[in-house]
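Look for chain A in each of the two complexes below; its partner is chain B in the first and chain C in the second.
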Partner chain A sequence: MRAARILVFLGVLILLVLIPVVGRGTYFQHLGFLTFLFIILSVGWNLVGGYAGQVSFGHVVFFGIGAYTTAILWLRGIPQLLTIPLAGIVAALYGLLWGWPCLRLRGPYFSIATIGVGEATRLLALNLENLTGGAGGLTLPTPEDIHFYLAGFYYLAFLLMVGSLLISAWVRNSRFGLGLFAIRMDEDAAEALGVHAFRYKILALLLSGFLVGLAGSLYAQYILYIDPGTVFGFSMSVNMILMPIIGGIGTLWGPVLGAVIFTVIQDRIMTLSLNLWGFSFKLVQFHLLVYGALLVLIILFEPRGLVGLAERVHRRISRWRQARAVIETAG
Partner chain B sequence: MGVILEGKGVTKYFGGLAAVHNVDFQVQEGEIFGLIGPNGAGKTTLFRTIAGIYAPTSGRIFFRGQDITGLKPYVICRLGITTTHQVVRPFLEMSVLENVMVGASFGREWVTGETRDVRKEAMRVLEFTGLASKADVLARNLTLPDRKRLEIARALATRPTVLLLDEVVAGLNPTETLQTMQLIREIRDQGITIVMVEHVMQAVMGISDRIMVLNYGEKIAEGSPQEVATNPQVISAYLGTSHAL
Partner chain C sequence: MTTDLAILLVSAVLVAGVYATMSYGLALIFGVMKVINLSHAGAVMLGAYIAYVLIVGLRMNPFIATVLVVPPLFFLLGVLLERVFVRPVRKAPPIASLLLLFGVWLMMQNIAYIIWTGEVRTITTPYTMMRFKVGEVPINVNRLAVFLVGAITLLLLHQFMTRTYLGKAIRATAQDSTAAKLAGINTDQIDMVAFGLGTALAGMAGALTSLIYAFDPNFGGSYMLKSFCIVVLGGVESFLGVALGSLILALAEALSVLWIRAGMQDFVSFVVLIVALLVTPGGLPGLLQKRYAVRPR
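Here is the complex of A and B:
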């Protein structure tokens, strides 16, 4: 059983590594990059929204700040790859700036404040035209060998995804993570047991902002064009919440699963055109409806997402097997 | 044995209402100090003021001579004063062991020479409090008596020197009450000073070395259980003036 699992894992790994070699510049490579990117976002959001229980609707600011930091520095002659860690650091520092006041709020009050932070930042990016190019956005130089370039970013995104997963796994098993879980479940009780709740929430936000900032940086370099409407758009914040919720909020693998499914929904199902009873319409026109319905169903029936569902099915099966074994020995 | 916890003129107003008014108290190291009074007397408010949840309107609180007035709850806890909550608040989605591990991971600094193994320390506390067999149970699935016990275990895991227990036997049946009283004695025998708020008179009278009585936020009596029980002011506070001798 364990050997089989490792084999499957290695198989998937080899497949992922081979995609750009076999089909350089294909659609699958592009989809792979997007999936890795979304996994980083989802895992990053989960550190604050899942582990620490502070549901942020403004995480897009980290993405946008990361993207703009890279674009602005690159256009001013800083080596391209050096801008990636800088983007993460600037995003994290921005998190410190707004987290300091906002994390004193609790529950829904914090969430509402983050919406304000997101919108304020978008407007700031829109109006600081000298720096950001305003609504027109920033266009980055096209590299000479675009196929080679994009394949490189595929691998880079893959590595950063693995890195963010390792960070998430480490947090989960550390004293830091235990403190965050305690804060999520009861902040006052956690403080009574010696947890410095505010510091822990800030640290989680910094780490989360760093990861999402890295993802924003990769996005800018991959797409080579950014504008405030996209990289600071509210819908990106909503995406970052949806993915962990679909997969299983506060778990290690849930956000990964959610991101994969989300990317597939986004890219495959949403582009379908349906022809029903003579009416032809595109599903993309209904994407908010689909996500809304999905959210309602998950929260109603399995708040722990697909990971929770899988655990439930697993329990059912093992109980059924146990019952079978008892019946057989009795008979 | 000296004074470990001291309050001088502790006062806490909520708006115009004095929940605690000008209360002086001294808790001796190693004793069980009972805090009683009719409903609304200000017992829990006094507790929360000591624990740092409320800052007192005026007055000071000292721990081993050090002024701790107005410090944040996590600082108070790390100094060695841990409070349990009247309404138990376990971390519901954690196992019993993990709940206690939170206390063991944070809480007071480890004394040098101790092995800093959080899991082992948490298991030790669970065995001491009689919860070891339920270590892997989710806190959400515990019964009320077990939740109360977990509340004590979790606080104990922070390695406090003073433990503030807020109504830990309320809602328990007589057998469970006796068991909890025994547990509290054992905790004291480990050298931990205990301050307890309690409504169950039998419990608090039987176990306390000294008792302080609050009424309408003011201290009306202090002394041994016998002294307090025969104090006319206390009797009138509880039973009305017509019963006073």
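Here is the complex of A and C:
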């Protein structure tokens, strides 16, 4: 069983590594890059929203800050690859700036404040024209060999995704992670047991902001054009909430699973059109309806997402097997 | 200069009426159910669109539409939302209802997009441009009427909350739901009524706003933030607190025009929110505890 699992894992790994070699510049490569990016976002959000239980509606600010840091520094002549870690660090520092007041709030109050953080940051980006180019956005220079360049970013995104997963796994198994879980369950009780809740939450936010900032940096360098409407848009925050919830909030693999499924759903919705009774619908018109309905259905019926669903099915099957075994021995 | 200031102050006071109506809806639901209604923004937005249909499409008198037609419709919507979505997750952690109502908000936005497209709409009525002057200060009749409708609604609601059995039961449930239940109040029913009333107020506030400002399917978001800010400033229980909070926010926004550009006005509500939260750490519950702590037995 264990050997089979490792074999499947290796197979997927080899497939992912081979995609740019076999189909350079194809749609699959693009979809692969997006999936890796979304996994980083999803895993990053999950550190605060899942592990620590502080749902953030404003995580897009890290993405936007990361993207803008990279774009601005690159346009000012800083080596391109050096801007990636800088983007993560600046995003994390921005997290410190708003996390300091906002994380004193708990649960739902924190969530509302983060909506404000998102709005306020987007307004700032729109209005600081000297730095951000305002609503017109920033265009980055196009590299010479675009195919080679994009394939390079595919691998870079892959590496960073693996890195973010390792961080997430480390947090989950560490004393720090246990503290976060305790905060999620009962903040007062956690404090009583000696967990410095505020410090833990700030650290989680910094780490999360760092990862999401890296993703923003990758996005800016891959798309080569950013504007406040996209990289500070509320819809990106919605995506970041939706992915871990689809997969299983607060788990290690749930956000990954959710991100993969979400990328596929989003890709289908954005491109497909329906033909019903002679009317042609573009599915993209309904994307918020689909996302909202997904959110509502998951919270109502399986709050732990696909991971929870899988556990439930697994339990059913093993119980059914036991029952069968009992019947057979009895008969 | 003094006239300019007077104009700013008058317009701030007039806007505060709408803010108060909107925030009272949020405060009512939070007070009774301890649920933060993120679909509030959706209800405000839909209220504006229903008003648009009634006034522009059906040529109804704007104030009959906003006062007599919209609130009952949204009361029903609120009752429906409570029964279908909120009740099943009442026992779950507060995050569940928050995310659920967030999903409802997304759905409402999309429905508005499908029906009315993303185009920015305005409602122009015969009153829109009418104005009279008090001394040097011009006062827009439309805005004054909107303010009066909001203020009268809140006053009537205050009477309802303090004079009737149902109103007292709602307040009792807000103070202590278990004790209210022990005293023989059907708290499930009260929850439903409170959610309905809160949504009705949101819808009505949206309809009133649509008479003053342009709107599109996204427009509820910043108003929800403002409502939350006001609720934090004024507390959830007192009618006076909400009115005062609205006034403070509206004044801060109006005066901010002197220092920052108009496009950044929404930034003010965020700053006020953060400052208010820092001054009363722990946010709403902290505020509540303080209130309870000083209340004599």
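The rule is short, and it goes like this: the second predicted complex is superposed on the first by the 329 of 331 C-alpha atoms of A that agree within 3 Å, B and C clash if a C-alpha of one lies under 4 Å from a C-alpha of the other, contacts with A are read in each partner's own complex, and residues count from 1 in each chain.
Just so it is clear, contacts are C-beta pairs under 8 Å (C-beta built on N, C-alpha and C of every residue); 3 or more make two chains touch, one makes a residue touch a chain.
In this text, all values refer to a predicted model and were calculated from it rather than measured experimentally.
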Per the contact definition in the header, classify A:D186: touching chain B only (first), chain C only (second), both, or neither. first
If you stack the two complexes on chain A, which partner ends up touching A:H30: first (chain B), second (chain C), both, or neither? neither
With both complexes overlaid on chain A, does A:R175 touch chain B (first), chain C (second), both or neither? first
Applying the touch criterion given at the start, work out whether A:A113 contacts chain B, chain C, both or neither, answering first, second, both or neither. second
Touch test for A:G194: chain B only (first), chain C only (second), both, or neither? first
Partner with the higher number of touched chain A residues, chain C or chain B: C
In the complex, the residues of chain C that touch chain A are 36, 85, 88-89, 92-96, 98-100, 102-111, 113-114, 221-222, 224-225, 228-229, 261, 263-264, 266-267, 269-271, 273-274, 277-278, 281-285
Which residues of chain A touch chain C in the complex? 53, 55, 57, 101-102, 104-109, 111-113, 115-117, 119-120, 123-124, 126-127, 234, 238, 241, 245, 285-289, 291-296, 299-300, 303
Would you tell me which residues of chain B are touching chain A in their complex? 51, 53, 72-74, 77-78, 82-83, 85, 89-94, 98, 101-103, 105-108, 118, 154-155, 158
Chain A residues touching chain B - in the complex, by the definition given at the top: 175, 178-179, 181-182, 185-186, 188-197
